[in-house]
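Take a look at this one; I'll ask things after.
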Amino acid sequence: MSSTFGTLFKVTTFGESHCKGVGAVVDGCPPRLSLTAQDIQTQLDRRRPGQSELTTDRNEADQVTILSGVENGKTLGTPIALLVPNKDQKPGDYKEMSKIPRPSHADYTYQIKYGIRASSGGGRSSARETIGRVAAGAIAEKYLKETYGIEIVAWVSSAGMVNAPYLDIEQITRKQADKNIVRCPHEETAQNMIQAIIEAKQRSDSLGGIISCVCRNVPPGLGEPVFDKLEAKLAQAMLSIPATKGFEIGSGFRGSRMCGSEHNDPFTVKNNRLGTLSNYSGGVQGGISNGEPIIFRTAFKPVATIGKPQKTVDFEGKEVELAAKGRHDPCVVPRAVPIVESMAALVLMDFALIQEMRR
Amino acid sequence: MSSTFGTLFKVTTFGESHCKGVGAVVDGCPPRLSLTAQDIQTQLDRRRPGQSELTTDRNEADQVTILSGVENGKTLGTPIALLVPNKDQKPGDYKEMSKIPRPSHADYTYQIKYGIRASSGGGRSSARETIGRVAAGAIAEKYLKETYGIEIVAWVSSAGMVNAPYLDIEQITRKQADKNIVRCPHEETAQNMIQAIIEAKQRSDSLGGIISCVCRNVPPGLGEPVFDKLEAKLAQAMLSIPATKGFEIGSGFRGSRMCGSEHNDPFTVKNNRLGTLSNYSGGVQGGISNGEPIIFRTAFKPVATIGKPQKTVDFEGKEVELAAKGRHDPCVVPRAVPIVESMAALVLMDFALIQEMRR
Amino acid sequence: MSSTFGTLFKVTTFGESHCKGVGAVVDGCPPRLSLTAQDIQTQLDRRRPGQSELTTDRNEADQVTILSGVENGKTLGTPIALLVPNKDQKPGDYKEMSKIPRPSHADYTYQIKYGIRASSGGGRSSARETIGRVAAGAIAEKYLKETYGIEIVAWVSSAGMVNAPYLDIEQITRKQADKNIVRCPHEETAQNMIQAIIEAKQRSDSLGGIISCVCRNVPPGLGEPVFDKLEAKLAQAMLSIPATKGFEIGSGFRGSRMCGSEHNDPFTVKNNRLGTLSNYSGGVQGGISNGEPIIFRTAFKPVATIGKPQKTVDFEGKEVELAAKGRHDPCVVPRAVPIVESMAALVLMDFALIQEMRR
Amino acid sequence: MSSTFGTLFKVTTFGESHCKGVGAVVDGCPPRLSLTAQDIQTQLDRRRPGQSELTTDRNEADQVTILSGVENGKTLGTPIALLVPNKDQKPGDYKEMSKIPRPSHADYTYQIKYGIRASSGGGRSSARETIGRVAAGAIAEKYLKETYGIEIVAWVSSAGMVNAPYLDIEQITRKQADKNIVRCPHEETAQNMIQAIIEAKQRSDSLGGIISCVCRNVPPGLGEPVFDKLEAKLAQAMLSIPATKGFEIGSGFRGSRMCGSEHNDPFTVKNNRLGTLSNYSGGVQGGISNGEPIIFRTAFKPVATIGKPQKTVDFEGKEVELAAKGRHDPCVVPRAVPIVESMAALVLMDFALIQEMRR
């Protein structure tokens, strides 16, 4: 359990903040896929800290090396090991944590679970763990794009109290999302979001947000009934990202307030096969993709590490006041966009391989 | 994949509506647990149709037999096979479906995926599949209750547009939920919900709703970091229940609009160990239980089968009007309460066994 | 772990001797395969006790019912549950075991492991557990035969000290093996084996033996490198059959005494693709099938339950003399032939589905 | 499948001969185990080439780095990534293979399976893959030794036609095995083995052999009934090592020729618990350890790469004569001793963690 995801496209991540490196082993990648380190680096660069004033100023280069599984630019069908060395280690920043479990962090639960903790506090709950996911997801994306034309695009649809209006999910692109530093393709909203985040930063506080994601050109038939429904594995994938608190697909929570006669998606004929007129289902029916765009949203809580002083107790139960020094993002949502895309890619990839077997 | 859930407490369900029976095999149940069919039957009775005017009038007895794994009222540590025969088979009701894929049902996606479908339409996407889950969940619950004192209580917190007010999650009981046919412990709200469901039924329409669930006395340390976080597996478990569209834990989507300084749960001393003053985290931090109540909500879409005529197309693409005859619930949420509890039990059980190994 | 075998073609068996029934759930069977109970019954009949004077005289009908996953004679792609009721329960025969662990049986180890035991003694280590495997294997065999023309034939190549000469593995059939009650296709050897088994029975003693098995028409490319090599999974499958002590493939132990220049299988052209002139490899190279017949042998120890008195101690450590009453085979090897075939089928089936995904 | 072994102690290996490195990720190692790179290096040094005149003269240092999961000399309970860089790459040696599949190598089957091959020929079937196993096995061994006092000792009991006499499995040590370059603790036999291997080398030919292994102080209760019997997983583990053709436990193939009355192991009282007077069972009954030493043997075929010219055909089917140039061992069995020990450790470790959960 735990650090491995997938049945046929198996991704195992490793590493914490203060060890020699973080990365992943991808087992089950189909052979003969063109693959270079640059294919992976592009998404890693979208995830890394220090991209803008909204994120921490740690400038982690996060350069990936492919250790195995690729020769002459082609995958061999054997495990692909990926390594990103840790460079910027300042254990000193974390000294306080050895005595005080940070509120809403994993310091306390790791200590209880393992009886030991990495000096960086949360260890595997650190955002650096997601580097392995993004690297692996980039490989999955490449295969899905080349084999099926699948496009996965995520964007920030809310940051703190600022919400984006409805956007056209048939057209939205990664390039549009990247036009501004908050990764919201609606420019006016983006400016408001940036403003809100900067204000939170000035208050030594933090904000959460919501990321929307669409997967287009997913062939019908992906996903397994019962426990491994497509939406169930997407939900697991999203809630496995640090700081997430909610997931909804298609109509989501709003759908629970609708009538059946409104919510049902009537069939029609599209491009010579059946499609639906509306898409409250969000691209899945009975746990299986139906060929419509898969659309889902993931809620992120505000960053737990804040400069503002908090009253809490230390491991001994003694009352203390804690104010994070170190470096930290006032809002992680812009940087989480490629993580959401990557986890979606891992889910679709595994289901695609399972379904290919049935042909 | 698909019909098996769990790593150490492994549940495999089987059966569709029109075969000889449905059930489950539970592999990995600890030995020497007292267990009788009645322990299981109680939850099955809360799930079965025909309990009230709000549900379908099919009176399915759903009597469970323990086929193996138990001798003299004690589990042997070997697989426990559970069988519930199908009695009330009326394939005639489903004839129309052979030509018309029902909107927002799994008829179309099953046909695409498998090139064949059960005569009952959705096959494994049928609500009868959940019988195996509830039966297995009842075993898990018994172990969790006896070993840790864990209590799992779910209730209907919204039906259609009717919402329950905030309820005291430290105190709420199953008995309170069962006081009325809609399983909402707030009596006044319950009456409004019943009214709304009856009206929907009279319009040949259907409603959705939201189920809240609390797990109390969960020891800290359950859940695995990274991909199998406690909240991630709960999300998968909930989104694997038919008709679900969303999941949130603790502060959920609302939490994405809060500041870090509000949302962080400060530590304090409770019962001689660390606890938190607020519980926006919903009982988990970094994917691991922290000893506080685990609280989550699951959104259900309105039932897709409705008597109201719908315009759609048949498998050939020809326009048709479809009005479901047969029997169907106007709102499944009350009957889904034990399903939510059972899936929560399966998640906690698997994590409990994994963590027991670490002691 | 434990009661489930396979990654994509997942078989979970259940049941012990004195519960209501034994069986299996087969998850992952491809849809649209023609399947009737009779397809399964044929192999079960070859496994059941009471077939001849060489086996126990318990006449267990072992009639299989398909509970789910098949409609109108076709598989649906959903879990196939298979049940064989237990009829002939005489717990009285086993009373002595509650106090005395039978030598070379699983009574002691089950008691240590679980702190409880089925009244039948070994519980899941009983031969009845293999009913589920044979039933599941029959389904796998049907798919492999129809899709690839794969033929799996096992036979008794030694019983006690009596060995069969070399037989032509390209030609040998199940019908030939079934010509006599000991399932050795070499008639003269068969008579000697029968004689040896009858003599052992008369001495209230038992014999072991060796089963050979060939799998023909296996396409090249099945099996996974590293831990799940074809020969590794076959070895696991065979050593998971009760009473087995050894496994060898191709040249086996004898191969360890040869030189490389003798043992290497030179390539040649056969049927328009590469084949090998010799087959010391036994049809696998680097864990992957090479298109040549897969040939392996499995060693079975003599039956542990014997009428001859044995000096041993009871659970308290007190010296006792034990002489099995009840009914028991003097040699299980003839009845184990379909079990070996079934386990081989499960291994090949899983690898076939995994490889189909790569096409 | 494929490159991962274990359920709770999960080992994933990666790397082929000509990529940047080989290694493993170990997920599920218990926290707070003391661990340094040197603990791992010791076994790697026993596996590496160039140890003596019997092995290839490639002097591969094979220095391991712990990339993650360990801090201040203690495991964190998080994935331990292990990397051994590839240094000595001479792709030129392998050029011929691009056109000619080497007899009894994996060149042909990899090409068929993946449609592509590493330039080193067998890719993952290369002996270098076993570096990851030995590194992971060393961690498992350390835990087993510290927690249970388990000792795992393997030795060469036959090389070509030279067999060692019976050795005292209660006493044999790794130090004794390492006294000579062939790793046979019986000195006279060792000299004969060395002689035989040198002669084979002089003939540009190769030899096989048999490795025996004993696991002492294994607590009773390890191993799972049915498909994951202790002997079944050992069999899989051993047959997953390159060049293996057979496995036997306890009496093995010889046991199939004995009578039940000879073969049964009577119980007695030993050290205040039940033990057996003989150990034909090899330390397991019904798939579960019984507290007696676990003893098994693994057969290795002669090395397939030989300098002696062989007639075969190339990928096009054209007849050719092939004589390996490069460097290769005339007999791998001495170097395979730590691999056998490591795989045994991985099997016992996984079962130990699973059983700890049942306490």
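Per-chain residue numbering starts at 1, and chain names A, B, C and D are given in the order in which the chains are listed.
Going forward, contacts are C-beta pairs under 8 Å (C-beta built on N, C-alpha and C of every residue); 3 or more make two chains touch, one makes a residue touch a chain.
Here the structure is a predicted model, which means the values were calculated and not measured.
Novice: Which chain's C-alpha centroid is most distant from that of subunit A?
Specialist: C
Novice: Consider the two chain pairs A-B and A-D; indicate the one with the greater count of contacting C-beta pairs.
Specialist: A-B
Novice: Using Cα averages as centroids, what's the distance between subunit A and subunit C in whole Å?
Specialist: Roughly 46 Å separates the two chain centres.
Novice: Could you grab the centroid distance between subunit A and subunit D? Build each centroid from C-alpha atoms only and quote it in angstrom.
Specialist: Centre-to-centre distance between subunit A and subunit D: 39 Å.
Novice: Using the average of all C-alpha atoms in each chain as its centre, how far is it in Å between subunit A and subunit B?
Specialist: 26
Novice: For subunit D, what residues touch not just one other chain but two or more?
Specialist: 1-4, 7-8, 13, 31, 77-78, 113-114, 123-124, 225, 354, 358
Novice: So in the complex, which bits of subunit D are touching subunit A?
Specialist: Going by the criterion above, the answer is residues 1-4, 8, 10, 12-16, 18-23, 25, 27-28, 31-32, 65-72, 74-81, 83, 113-119, 123-124.
Novice: For the complex, give me every residue of subunit A touching subunit B.
Specialist: 1-5, 7, 13, 101, 103-106, 108-110, 112-114, 122-125, 129, 158, 160-161, 200, 203, 205-210, 220-221, 223-229, 231-240, 242, 244-253, 255-269, 274, 276, 280-282, 284-290, 299-306, 308, 310-313, 315, 317, 354-355, 358
Novice: Residues of subunit C touching subunit A in their complex?
Specialist: Spelled out, the residues of subunit C in touch with subunit A are 7-8, 30-31, 77-78, 225, 353-354, 356-359.
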